[in-house]
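Two complexes follow with subunit A in common, the first pairing it with subunit B and the second with subunit C.
After this line comes the complex of A and B, so read on.
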């Protein structure tokens, strides 16, 4: 492995890489080595055009770009020399020549690379006297994205993304020289399933999503690591929140899952927690207090179990490993057969989305649940919502429904208890590739709702079942899951880290 | 454009003879002797010979041609390609046009020598679109060469020596003369220079190993082969052997092309063109096409070869000598050059895209009496931001003329700003 020196510190880097990539792979770009860059993106082909990443290499007369200079053993690099600083300052001065001074009204402010680098490396004052390039304001590129052409610094990240990832290539840079403009190809729209990623890629405020635009200033947001639950890929995301409200999902880097992309459908799914929620318990189809619901549910469980009647359960592939494990334990306690589950199916697109449109079907399989679209005949059913149609429950006398959203099931259940969506709880999912990934509580519901596992524990406790008095806690359950189910060993919530772990074979 | 009997020439010796443009006429003048000589040698020997001849590329950068050939990968696993650069868009440069129009078989022979030496089986002659006539002459010559067995399979009876040539027309962009911009354009893409690595010898035209040389560069090689090293090195200087075609334009009596030895004193080059028009005083000369820094009249006692011109802060470039007499407003020269570079920048690199426009605006307002004192500082700072920091040398080419003009004629810029107008009413119009 080549040894290189950067700013008088020695590093050992992987062979055959460009300097910037090698440094990024060591995690140094985030901490330790500051090489500003615009056009380079770890997941896109190298462009080498912004010239922001110039560095000085001992023995090489000209400054070189870190993004397209291969590492060589013994290289001595300066990222701070006076020449480098002057060059950077020059690039920034030139970029600002034609960039509007929009920061106060620009959505990117606070997370803008032009703003940040100008503060870090730029000139104290501008020297330009001439009017800026005239370009379009707030152009509709398609259903999801608005384009402020004036702000574009022509880094071509968006262009390369559309060519490389969705393969749709709607965008290009037209004309040349200072008349260059990023535009849609004539007759096209930016309308693909991944279109909103361009807003994340854009280092400035030129591309913004219509969904997020003007909703909130970025500095009011804090980001929570979580995962998308709209398909079995489980794209890693940040949920940006403020005041107990989620404003957006943005993809988070995970080389084993989603690089740094996500589909538009998944991105907008943060809104699902807001609409049509079950905000109270229902008993016999009528709103009831949470405690009433819980009592009723525990009565049903006790009655069914005391009368020796059969109990069946339908799990949900939207539930966490921890919630599913709790269900498994409860069914064991009750002497009931293992739960079944059913997975909503859609199309895989060969990019990110999988055909299984739920995050945790693999988790359910790993816990020994069987796939089935119908529940066997029984006195009592315990049903996790989301998936089954009411017709699947015709052979069950009564059922307890645990669900997040109102549906045609809710009116027919004997009891309904409100549960939490993915952004309201802690837990883990096992994705299609058997990678266990942690999600985190981002917001709190403003009514009483609990995760499926916590509800089961409370029902069991109210019903007086042995060993169910301890309040439910995702972390404690996770630990037991790892201890008791060998496949999950090493996949506890505290062990999953940023990128998750694979189930053991 | 043909001029006087030339002092010493070999390239242009028969350019007055129309039959020289036919295969028969070319062969009658010992045409293809160089190629015959080449195929009697091992390919590596040919590369070595061209390398040790010291022949420097005539496309502007002056790189040793044989050395460049030696970068081509050995072996025949991948098809190898030669590209002949006939894009010739540098203002002040018009030599390649004459070669293509009057000596097309010299180009073809040079290409075949290069093909033998490097193992290339395909070549593309990329000619600027405006050169419609040169394109038609080259196309006819290629057809005749093919009919005469000089292209195709087993050329000159050498088993496995296969080669064919495609004549390709550009669509009019200066940047398509830069070798990797040319390769993109040849591949049907927007003409934008590529980042290196990878280099053309590994990943060139259509991703194949490629060598790009200028039209004139190829044309010299047949003479090196047929007449030998010693003969070739009898022309020019030690570091820059051979002749070259100086294209003299501007304020001279007889603008035109002159094949002269490398190292010919600039004064003699200007004298060949009949001297400054109307006996006026010389003010300045751009020695190598618009990209190269200007030399004031006081510094024209220089020999026309890179090693001497670089001592004076300029370069030989393409040998396009632009002569300016004392009526010339040097700020206008800057304005004209800056418009060209503003319009021709491909726009990828930040410095070049934004800087060429800025330089242009500053020069333009100074010329039109709207300059500000701080513009002088800008004109010395901004070109520095462009120099040596971009994907291709275009940005240097855009920086150098202004830097040269500011170095030698700063007082004219100051005068414009002080007087709020151009003090040279008789200068050329813009």
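After this line comes the complex of A and C, so read on.
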């Protein structure tokens, strides 16, 4: 393993890496070793086009770019020498030649590397006298992205992304020299399932998503770590919130799950937490207070239990491990058989999206629930969500529905209780690769709604079942889950780090 | 793309270790067919080379000997780089523009001449220089340049 010296400190790095990659792998990039960069991205092929990452290497006469210079044993690198600083200032001045200085109206303000580096290395005033290059403003690249050609610094991150990740290659840099412009192939649109990632990649304000553009300034947002629930990949995301409202999902780096990408469908799913929600309990199809709904549900459970009638349950693969574990415990208390569950199916795309369009089918399997579209005949059914077809419920005399969104099922259930979506509660999902990942509460619903587990605990408590009087808490349940189900050992909410961990074999 | 052109391109593949190496000669062949290579033609080439159309378009637009739009019957390109400019290249360009009634990059209404501006024709010793259909016309003055242009069919 080569030993190198960076700014008078010695490091040992892996073989075969470029300098910038090695520094990033050491966890030092921009947090100890200050090498500014635009075109380099850890998940994309090297381009070397922005020339911002220049460094000085002892014994090498010219400055070198850190992104495309291989590490060699004994290398002595300086990232802060006067020559390097002057070069950075020069490169930045060149990059700003044609870039409009319209930060106050630019939607990338606050998340723009050009802004950050100008502050660090920029010239105090512009020296250009010539008119700036005229390029197109607010170009419609397709259904999701708007492009400001004037702001583009031709780092080609978006171009490389479209070629390498979705493999669609809609974008290119056309013409030569100062006439170069990033554009679409004539007559095409940027319309792939991963198109919105280019806005995250763009280090300046050239590419912005139509969805987020001009909605809010980035400094009013705070980012909460959570997980996308649109398929069993469970892409790691940040939910950006302000004033109890989510404004966007942006992918969060996790090498074991989604690298640093996510699909457009998942990205826009933050809106689903707002639309068509169940905002009150229903008893016999009519709106009722939350407490009435709970009492009616507990009456049904007690009656079914006391009469010796069978109780069956259908779990949802959209529920958390903790909620599903609570259901398992309740069924055990009632002497009912384990729950079944049904998973909505779609197509896998070979990139990130899986065929199972739910985040926690593996969690349900790990908890011993059987996959089935049928529900056995019973006096009472407890149904999570509206994944199960209505025809599956014909053999059940009465059923309690615990759901987030209004559906065909809501009017037919004896009792409906509103529950929380993934962004409104704490918990964990187990993805298709058996990785348990934590999600956090981002916002609070403005009406009474609890997580499925909390609702079950309250129903059981009201029904007078033994051992259910303690208030439901996702962390406490998670601890019990880890203690009682060996597969989940070490996967408690307090132990799951930033990137989750795999179920025990 | 004509079948004959396709065959010629396929024959080119054998000359290069990678198919893609034949892209520029192939584009010359396609351009010879219509005088320019537009987006549908670029798609055909991309299919033949098994690459993305955008890759073909990047090459096409990078080199100024390729045209993506219909061109005049003749190409007149005037160099305006330093040596030519010092010896009247820019004045020559303005005079030709006035003579033809078009700006650099445009084609005369009768479709006879496309006037171009070259960054450097690499002939500083004989500046100012103009290239007419690939032929160099050197040490020009306005009268001589106009005469050459007027003699074109």
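Please note the rule applied: the second predicted complex is superposed on the first by the 503 of 505 C-alpha atoms of A that agree within 3 Å, B and C clash if a C-alpha of one lies under 4 Å from a C-alpha of the other, contacts with A are read in each partner's own complex, and residues count from 1 in each chain.
Quick note on the criterion: contacts are C-beta pairs under 8 Å (C-beta built on N, C-alpha and C of every residue); 3 or more make two chains touch, one makes a residue touch a chain.
Only a predicted model underlies this, so the values are computations on that prediction, with no experimental measurement involved.
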item: Three-chain arrangement built on subunit A, subunit B and subunit C clash or fit; value: clash
item: Touched partner set for A:178, first subunit B, second subunit C, both or neither; value: first
item: Which of subunit B and subunit C A:54 touches, first, second, both or neither; value: first
item: Subunit B versus subunit C as contact partner of A:247, first or second or both or neither; value: neither
item: Touching partner for A:290 - first (subunit B), second (subunit C), both, neither; value: neither
item: Contacts of A:238 with subunit B and subunit C, given as first, second, both or neither; value: neither
item: Dominant contact partner of subunit A by residue count, subunit C or subunit B; value: B
item: First, second, both or neither for A:186, with subunit B first and subunit C second; value: second
item: Partner chain in contact with A:98 - subunit B first, subunit C second, else both or neither; value: first
item: First, second, both or neither for A:169, with subunit B first and subunit C second; value: second
item: Subunit B/subunit C common contact set on subunit A; value: 173, 175-177
item: Complex contacts: residues of subunit B adjacent to subunit A; value: 173, 175, 195-197, 342-358, 361, 372, 374, 378, 384-385, 388-391
item: Interfacial residue positions of subunit A with respect to subunit B in the complex; value: 46-52, 54, 62-63, 65, 68, 70, 87, 90-91, 93-95, 97-98, 127-130, 153-154, 173, 175-180
item: Touching residues on subunit C, where the partner in the complex is subunit A; value: 39, 42, 52-55, 57-58, 61-64, 119
item: Partner subunit C, residues of subunit A touching it in the complex; value: 163, 169-177, 185-188
